[in-house]
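Here you go, one structure.
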Amino acid sequence: MTGTILRIVVSGLLNGSIYALVAMGLSLQYGVAQVLNIAHGEFIMLGALTTWTLYTGFGINPLLSVAISGPLLFVIGFVLHRTLFTSLKNRSPSPAALEGNSLLVSFGLMFIIQNIAILRWSALGKSYKYLDTAVWVAGTAFRVNRLVALAVAIGVGVTFYLFLTRSRPGKAIRAAAGDPATAGLMGVNINRVLPLCFGLGAFLAGLAGLLISMCYTGSTPFMGLSNTVIALIVVVLGGLGSIPGSFIGGLILGLIGSIVSNWDTALVVVAFYAIFMILLLIRPVGIFGKK
Amino acid sequence: MDITRFIPTNRKLLLVGLLILIIFLTTFPLYSKEYYIRLMAIIFMYIVLAVSWAMFSGPTGYMSLAPAAFFGVGVYTAALLYQLKGPLLPLPAIIVVGSLASFTLAFLTGLVTLRLKGIYFAIFSFGLVVFLKELINYLEIHVSKVGGRHISYVSNTTVFYILLGICVATLLTAYFIRRSRLGLAMQSIGGNEEAAAHMGVNTTRVKILTFAISAVFMGAAGATTAPRLVYIDPGLAFNVTYSFIPILMAVFGGMGTLYGPVIGAAVFAYTEIRLRQQYPYYYMLTWGIILIIIIFFLPAGLAGLIPKLRDRLGGPISKLRKGGEAEEHAHT
Amino acid sequence: MHILEGQGVTKLFGGLAAVSNVDFHVDQGEIVGQIGPNGAGKTTLFNLISAALPFSSGEIRFKGQKLNGLKPNQICQKGVARTFQQTKIFADMPVFQNVLVGASFGTPNRLSQADAAREASQKLEFVGLSAMSATLVKDLTLVNQKRVEVARALATKPELLLLDELMAGLNPTEVSEAMELVRKIRDEGITIFMVEHVMKAIMGICGRVMVLHHGEKIAEGTPQEISCNKQVIEIYLGEEAHAGS
């Protein structure tokens, strides 16, 4: 009995902390960089597949390969914002127009990235085994890679959460997420901070992808879409514009998913959407959102 | 002799042109090869999707990413009711049911999300496609225990005519909405939603209504296209690509006008059919790039270029006409 | 019965009271002004009346009917129209269409399309913009954009018109023209409640003035009485008097 509970909790925290990383990244991009990046899942996919290539092609340990894939994705995100979205911001006549336009641009981006990935990696599923041995805790078996991924995800997540809530630059970022215009007036260098946060969001997505590829088999160029949707649900759950909220929301959703999965795996996605709809009906601002 | 009297006015030219087009299209299957009938039917389908998307998202500025969801509902309704082992209803009835199902879904979705800020609507509309795919997948596997469904055959010609009809219905609806109070209300919402509300517009009701109406045609198109797909499963029916392509077409042609999406649909539908076999992944890549380029450099689409062209070409012809008018005045 | 009446009107943003326990009234046929330093709560009060913002507490009644809980479009149809501090025009639409929106949706009884069009034309003539019917509003000068906003609000056939800093950004000639327009509107039988910083307008056309400061009403009276009120002079007019405006 304790074994099952332990398994559910570990699984829930693992998925939840991965959701949290992804959602915090998305929240950074929407809150600060003012782009609802529906191509976010594609960065997760790039992270996963890049890790696969680095491990199976070059023998680089996935945990170390973040030193390559991380900065790579950060740069891609930074450059994309600096070239596309900053320019869009300057051309858009109103915030509503900017929101609409950047949504469509990221929609186009989704297909571009996905198709580049298909051309590079083909549509077949990619898997690898790393730290695939079992370890026994409290009479239940866990795979080492999942425990390591859990540790990394929680570690990065908590560090980032503390950075946002305790440090000065972190608070500045949260302020900018709440009100980018005023932050600009307060001396925050918008032209650098916005692409920076966008790139940071891409980095988090790539890291999440790395962890996913470590724990789960069958990474394909199509894995981005469902991850994006889950990330969106988490961001709404936590509160649009609240990055710490995304962290908490991710963990909650992960745990709920794990509990439902224990009963019927296929119902998990359905459960997520049910939560989403109820959320929109009774408290759209989410847990930490402001009315 | 005043030859300028024989230069036709814009309106007469347009009506004559439309009449010729209608005659051409209605008799098309009589003298064309199957391949071209199929091609035209697909063009009609995309026109319906692009025009109905622009019907709502054009004037209001609320970007809906849900066309694939409503299209998919139509497709899957047909899959359920038009089975190979014996259709439960005749095809026209199925199309009506599919349209109603899409309408209902859009109405409920709108009811929940259109009273909130636009970003929630965008998020929900995006997720809707994936949600429906997963939900129906689950139901099919666990409840009906079916993997995929096979549909009865329908001839290319029948599909052609039905889609032509739906296409005309969509265009007429879009045309009349634009000129109606509803159209004015939507434009005001797109102009400044808060001001519109303060001028008496019931913004939520207007949005939900138009959104639901646009879904009707998407569902109809889906139900009609289903027989051509022959085999249907949730993944095939609910595919985000069916949201992307109509949006690309409408934005390319110009989502602020009625004819813009039509032009965009014709152009891209034709190229899609040609490219799909040869370069399945390259063409989607290119289209993503094209969408981004259009948003940056031609946000009003091709239709935005037309006023500029008219200024350039109008010179010689209008001079001629002005000369004729001066003569007329001289005679009275 | 006052045409517009507020009791204990309060609006809190977090811990900050933007409007604090304000009682006010406007009588039919009056032109009442609201003045006060920036951030005093004047526009917030308008936003509460028109339901652009929800109440924290208090009550506002129009012709005896509670406005609490109604939506902006309902309040407009009851007969309260407004303009905005930052003009919220429909920029990409022609002038005529802008005003037509008001006539089509904001009137107490729904007008036919023909009647709405007639109403819109009339209001455009009233504000002096008939010649520009077809021009896109974004191509107009600021003063003409403000005229469009006024015409649009008038097209809803209001009994009460809220004008939010109509004169802001206008040169002295334009201010005089605007003052004339406001008088014309009052002569049509419409009650006016206006927020203004331009003292010339307040002194020139308002019959009564209320002063807000830090969300509270600190004074009320005729323009003469207000300009002599020591507290008001200290807080608000004093700076301007020194500046010589």
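Going by the order they are written in, the chains are A, B and C; count residues from 1 in each one.
The rule is short, and it goes like this: a residue touches a chain if its C-beta (ideal position, glycine included) is under 8 Å from a C-beta of that chain, and two chains touch if they have at least 3 such contacts.
What you are looking at is a predicted structure, and each value in this text was computed from that prediction instead of being measured.
K.L.:
By label order, what chains touch chain B and chain C together?
P.N.:
Expected: no chain.
K.L.:
From the centre of chain B, which other chain's Cα mean sits the farthest off?
P.N.:
Of all the other chains, the one whose centre lies farthest from chain B is C.
K.L.:
Suppose every chain is reduced to the average of its Cα atoms; which one is closest to the average of all protein Cα atoms?
P.N.:
Taking the mean of all protein C-alpha atoms as reference, the closest chain is B.
K.L.:
Roughly how many whole angstrom separate the Cα centroids of chain B and chain C?
P.N.:
Distance between chain centres, rounded to whole Å: 42 Å.
K.L.:
Please report how many Å separate the Cα centroid of chain A from that of chain B, as a whole number.
P.N.:
Going by mean C-alpha positions, chain A sits 33 Å from chain B.
K.L.:
Could you give the separation in Å between the centres of chain A and chain C, each centre being the mean of its C-alpha atoms?
P.N.:
47
K.L.:
Among the residues of chain C, which ones contact at least 2 other chains?
P.N.:
Each of 91 in chain C touches at least two other chains.
K.L.:
Scan chain B for residues touching two or more other chains and write them down.
P.N.:
Not one residue of chain B touches more than one other chain, so the list is empty.
K.L.:
Give me the residues of chain A that touch two or more other chains.
P.N.:
none
K.L.:
In the complex, go through chain C and note every residue touching chain B.
P.N.:
50, 52, 71-73, 76-77, 81-82, 84, 88-93, 97-98, 100-102, 104-107, 113, 152-153, 156
K.L.:
Report the residues of chain A in contact with chain B in the complex, numbered from low to high.
P.N.:
Listed in rising order, the residues are 36, 38, 84, 87-88, 91, 96-97, 99-101, 103-105, 107-112, 114-116, 118-119, 225-226, 228-229, 232-233, 236, 240, 266-267, 269-270, 273, 276-277, 280-281, 284.
K.L.:
Give the list of chain B residues in touch with chain C in this complex.
P.N.:
Spelled out, the residues of chain B in touch with chain C are 181, 184-185, 187-188, 191-192, 194-203.
K.L.:
Write out the stretch or stretches of chain B touching chain A in their complex.
P.N.:
Touching chain A from chain B are residues 61-63, 65, 112-113, 116, 118-120, 122-124, 126-127, 130-131, 134-135, 137-138, 141-142, 240-241, 244, 247-248, 251, 281-282, 284-285, 287-289, 291-292, 295-296, 299.
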